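These are the structures, in structure tokens.
Here subunit A shows up in two complexes: once beside subunit B, once beside subunit C.
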Partner chain A sequence: MSQQSSRAGGLFGAALMSPIGILYLCFLLLPIGFFLSLSFFTYSAQQMYVAEPTLDNYSRLIFDGYYRRIIYDTIRVSLVVTVITLVFGYALAYFLTRVKSTWRGIMMFLIIAPLMTGVIVRTYGWIVLLGTDGLVNAILVWIGIVERPISMLGNEKTVIVALVHIMLPYMVFPIFSSLVAQDPHLVPAASTLGAKPLRTFFEVTLPLSRSGIVMGSVIVFTMTSGSIVTVELLGGRDMTMMGQLIYQLILSTFNWPLGAAVAALLVLCQFIMISYYFRKMRRAY
Partner chain B sequence: MTRFLNGSVSRRSVLKAGGALAGAAALGTFGYTPAQAAGDLRIIMPGGSWKEWVEQTFTAPFGSANEVEILWKLGLGQEPLVMAQQARPQWDLIHTGQMRAGQLGAMGLYQPLSEEKMPNLAKIHPSFRYQYLAGKCHTPYGLCVNTSKITREITSWEDLWDPEFKGRVAFPAWGWIGDEVFHAINIAFGGTSEDIEPGIAKFKELFAENGAVVANNVEHTRQLIDAEEVWLVPFFGARIEQAAAAGTPVEFVIPEEGGLSWIWNMSIIANRPEQNVANAEALLDTTFEAERQIEFAKLTGYPPTNIDAMANLPAELKRLELSDSDVELLGKLQSQLDPMTLFAYRDQYAERWNKEVLGA
Partner chain C sequence: MRTDPSETQNVVAAARPGRAVEAPKVDLSGLGRVAFGLMITLLYVFLLAPILIVVFASFSPTMSNTYALSQASLHWYREFIGNSSFVSAFKFSLLLALLASFFATIIGLLTSYAIVRFLGRARTIGQSIAMLPMMVPHILISLSLLLLLTRFPLPEMSVLVIGHILICLPFTIAGIMASLEGVDPDIEAAAYTLGANRLRVLWEVTVPLVAPGVLSAAIFAFIISFGDVYIALFISGPGVTTLPVEIFSYVQWESSPVIAAITTVQIVMIILFGLFIERLVGLRSVMRI
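Moving on to the complex of A and B:
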């Protein structure tokens, strides 16, 4: 009887899941699978691609220094942004758990508020702030740190600053959730047992917030490595990331097989980095 | 009803109701209504202010006068969609420029324009009329000069390379319109559609030695101009005029080697149902009318292409009047380009630009 009811429960669960499963299969997995399969097709100027199997697209990406540099830059910048966002995001999330609930609401709203505007608007905001006639330059000149406005746009540092700003909410909230879920008696208990605040933090609070750290880092790394607009508008001519390259290959030069190969490599890079990160975190704690 | 209220609903009736609901939801999801089946027109265009202007001047009046529902698909770089749907196209018209229209038209994706179906086409100036596209306006393009920062006279594309303006020059992004501007200037420096060496060498110098920055789109270029971050940049005449009207000290110069001029309108996508093609032709014909083009020019600041409209511009639009020599100068470089060669080599050319010019 109990086996029968468990089977019925399983069937009911499967029935509940099937509409969303079918939706995902038809409108997400199949199109993505088809698109990635294009990476093994041959590019044709007239038809975009012809169904002649080839590995040329991947060999072009792997053996051409220009494309290798783009892949390397994408991973490097994404890692830098993830690490900086993690440091600031953790501090902010930790602070949020310690403030009074009225202030917490206001602060959480301030963190969420930028998400209410699009990435393009926020990126243009940085252009306005950091332009030669922008607020930052005006302050620098007024204080006397520089004699005339300096150029702050069109370089990697500006892109990293803007991306950290854009990604911060995606790091703060998973960490905040994992921090507030912790048993409030653990820290006093550690203290009673003689642990100093720093030791309590590293041996109790930090390990228990691991799930939030992993989740936030995965989201930030994935989103950063696929960035287009911010890098395009703030990065200048010598900075290209894989997201921009995919955009250019698909929409401008119509080289879909190469664009699909870049997309497949991007997904692979994300997968490798995330797996490595998960394993490290598991070993660390 | 009583049966329903009493809770005695059969499994069959639930399945029937569910099926009907799912069917209705599916039809709703895909935007199907009987009215659309009767007469609709499906248009692809980038969107933004242009979509509003086109809607106000052409599509909304046409739609209400002919009871045709206008459906839009908005976004940049939609040509791959047309290519991908080649076997079963789903859209009737695409807003485009003459280069892309010539390229995709030659591949059989667009339908040639016909005076028989669109009588007003005969009134379009020959300079703005191609096999697959005729302009509702044209957009003169040359150099935007900041007159407060640059005191000497600017006459040529060569002025972009003047070391005096180092770090204060910009060039449009390749994927926006930079490719076409590059190829036109390559012609001015002695290149051809097959030979881009002269252009690559010159632009490598422009970016590596004269510190050119990339302007990503219209808004970004305007921002660079208004903030006086750049003093000299290739740009659209009407946009320069708008910047000047807003108080930025800029003027438009057509370089002596020749400027550029894009014509913009909609191309008819081939192999669509007869009724949709008829609707598309009827709408396009209205875009060739003199009165409507003048209305459009008032909104956009771009000159008309209809010969009667060009000759009878109202007083407030007299500034848009172009002499025959101006028109010739604007078309001089682009007319020497071979669209199909550029299309065939677009991948290699884009890669050379990225590697050799931007990566220099």
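Moving on to the complex of A and C:
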């Protein structure tokens, strides 16, 4: 292609990118920047916020035990969910690469189908499954582990189980992609050189799939730490996570500056977690 | 097909349809194999049980979640159809998902065409930027849009549609890119040589070639939009809201099998769409995170 037409091509490319550019700038980046900047403003009951710079919102979150507890719980639960989904998701992704290709389509479909139903359907499924008249209780009573149905809703373990269920597909596919992208000759090569299967897995396959591990973990951690609906419906009164706190602060008490500060801390946690993950991954291999 | 060494490193670009999927194979011993198989079976049960149980519960004849199929009743489906707030929420969700998936597909098509054909070396950056809404917690997106609503006189519905376009875009872009990578650039070059301009080549040559991929991406976007709860939770006002938000506010106070009936309708609809995509291009090529 001549010089001129390639420049025209660049222009055409830029024109194609302009709708998404305008959309992301006006409705994603600028509003998020504006929203997070509210965290440095002063709360006012009459006008949402007053543009007086302050760090009070942050100091309140960090020094008030009630808020600190919520932040700590959010990070802890999100980490636990990320680690569990990583183990299970890896197993499923590995299985998908080994299953016969005639079955692979349907096996993938069965993993994507729950994802497509949305968060609320899956959360509701857990309410039905674990309720006092639910199937799990019926089985427990039938086997004789418990005498009468026990209450399984309204605690942290249930929330973690449901969140693992909701997040699992997001972990499987990035890992699957990174497994499939590996050179299929590596494993036979390692075994020719005398490595046992398990050693080959831990020293060849696993390190080479780290891009998928990082990608999946980042998505799962981000989505888990921001969840509201599942925690609200399954967590009961005693459990609050940062997503719910933001929801309450902004929709019930209209305290936008404090809500924005919680959101900013949430983003900060995610950022720390992501950079830690990247560092760890680079150092480990 | 072009080969770019950076592509094999890229998670999003990996495993494109048509490429032979070859796994790193490790031979496990007999016991290990049985344990692994058991674990996978249990994981599938874990994944599917909460969905299937809702379908069973929807046919329950009473308030409790019983599973006696001999007494199956359509009582809760009649209840759903008779409940005007659920029906209108269902219709509202359909309209919203149609609008959002339409725009997300158009914008996604333009963007992915630009990424695949015109970005050259900046391709990875373009791809990462396109995935931005996936990397940001959805509550952050919806709160920022809510803030926008309180500051500027924008119609609520348009902001809601924009929010849904944002969350659908990463999926439509990844899906359409997968199809575009399968199109031979020489076909487009031939059309240029024959005198067609760029827009005409895109519209009359490329788009027909990737039509199944574009349609699948649109359906997937519809599904994502229909299932969303976070964007609509903050942006839609009382009275006019989406089905997931309506269900959420209902389940907060009470649980009745009418919810099971509604979600079963939703599950059936989504599974049918999913199977349709599977036949069209394979679900995997659309769901490419």
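The criterion applied here is as follows: the second predicted complex is superposed on the first by the 265 of 285 C-alpha atoms of A that agree within 3 Å, B and C clash if a C-alpha of one lies under 4 Å from a C-alpha of the other, contacts with A are read in each partner's own complex, and residues count from 1 in each chain.
Just so it is clear, contacts are C-beta pairs under 8 Å (C-beta built on N, C-alpha and C of every residue); 3 or more make two chains touch, one makes a residue touch a chain.
Remember, it's a predicted structure, so these values are computed and weren't measured experimentally.
Superposition of the two complexes onto subunit A shows a clash between subunit B and subunit C.
Of the two partner chains, neither subunit B nor subunit C is touched by A:189. When the two complexes are overlaid on their common chain A, residue A:252 makes contact with subunit B while staying clear of subunit C. Residue by residue along subunit A, subunit B and subunit C are tallied for touches, and C comes out ahead. When both complexes are overlaid on chain A, the residue A:92 reaches subunit C alone and has no touch with subunit B.
In the superposed model, A:232 lies in contact with both subunit B and subunit C. Looking at the shared chain after the overlay, A:240 reaches subunit B, while subunit C stays out of its contact range. Shared-chain residue A:46: touches subunit B; no touch with subunit C.
With both structures placed on the common chain, the touch criterion links A:146 to neither subunit B nor subunit C. In the superposition on chain A, A:66 contacts subunit B only, with no contact to subunit C.
With both structures placed on the common chain, the touch criterion links A:127 to subunit B and to subunit C. Across the superposed pair, subunit B and subunit C both touch subunit A at residues 48, 124, 127, 131, 133-134, 232-233, 247, 250-251, 256. Residue ranges of subunit A in contact with subunit C, taken from their complex: 8-10, 12-14, 16-17, 19-20, 23-24, 27-28, 31-32, 34-35, 38, 48, 88, 91-92, 94-95, 97-98, 101, 104-105, 108-122, 124-129, 131, 133-135, 162, 165, 168-170, 173-174, 176-182, 184, 186-188, 197-198, 200-201, 204-205, 208, 211-212, 215, 218-219, 222-223, 225-226, 228-229, 232-233, 243, 246-247, 250-251, 256, 259-260, 263, 266-267, 270.
Residue ranges of subunit B in contact with subunit A, taken from their complex: 76-77, 79-80, 83-84, 107, 167, 173-175, 179, 207, 212-214, 216, 219-220, 223, 227-229, 343-347, 350-351, 354-355, 358-359.
Partner subunit B is touched in their complex by these residues of subunit A: 43, 45-48, 66, 124, 127, 131-134, 151, 153-154, 232-233, 236-238, 240, 247-248, 250-256, 258.
Put simply, subunit C touches subunit A in their complex at residues 8-9, 11-12, 14-15, 21-28, 36, 39-40, 43-44, 46-51, 53-54, 57, 64-67, 106-107, 110-111, 113-114, 117-119, 126, 129-130, 132-141, 143-148, 150, 162-163, 165-166, 169, 198, 220, 223-224, 226-230, 233-234, 244, 247-248, 251-252, 255, 259-260, 263, 266-267, 270-271, 273-275, 278, 282-284, 287-289.
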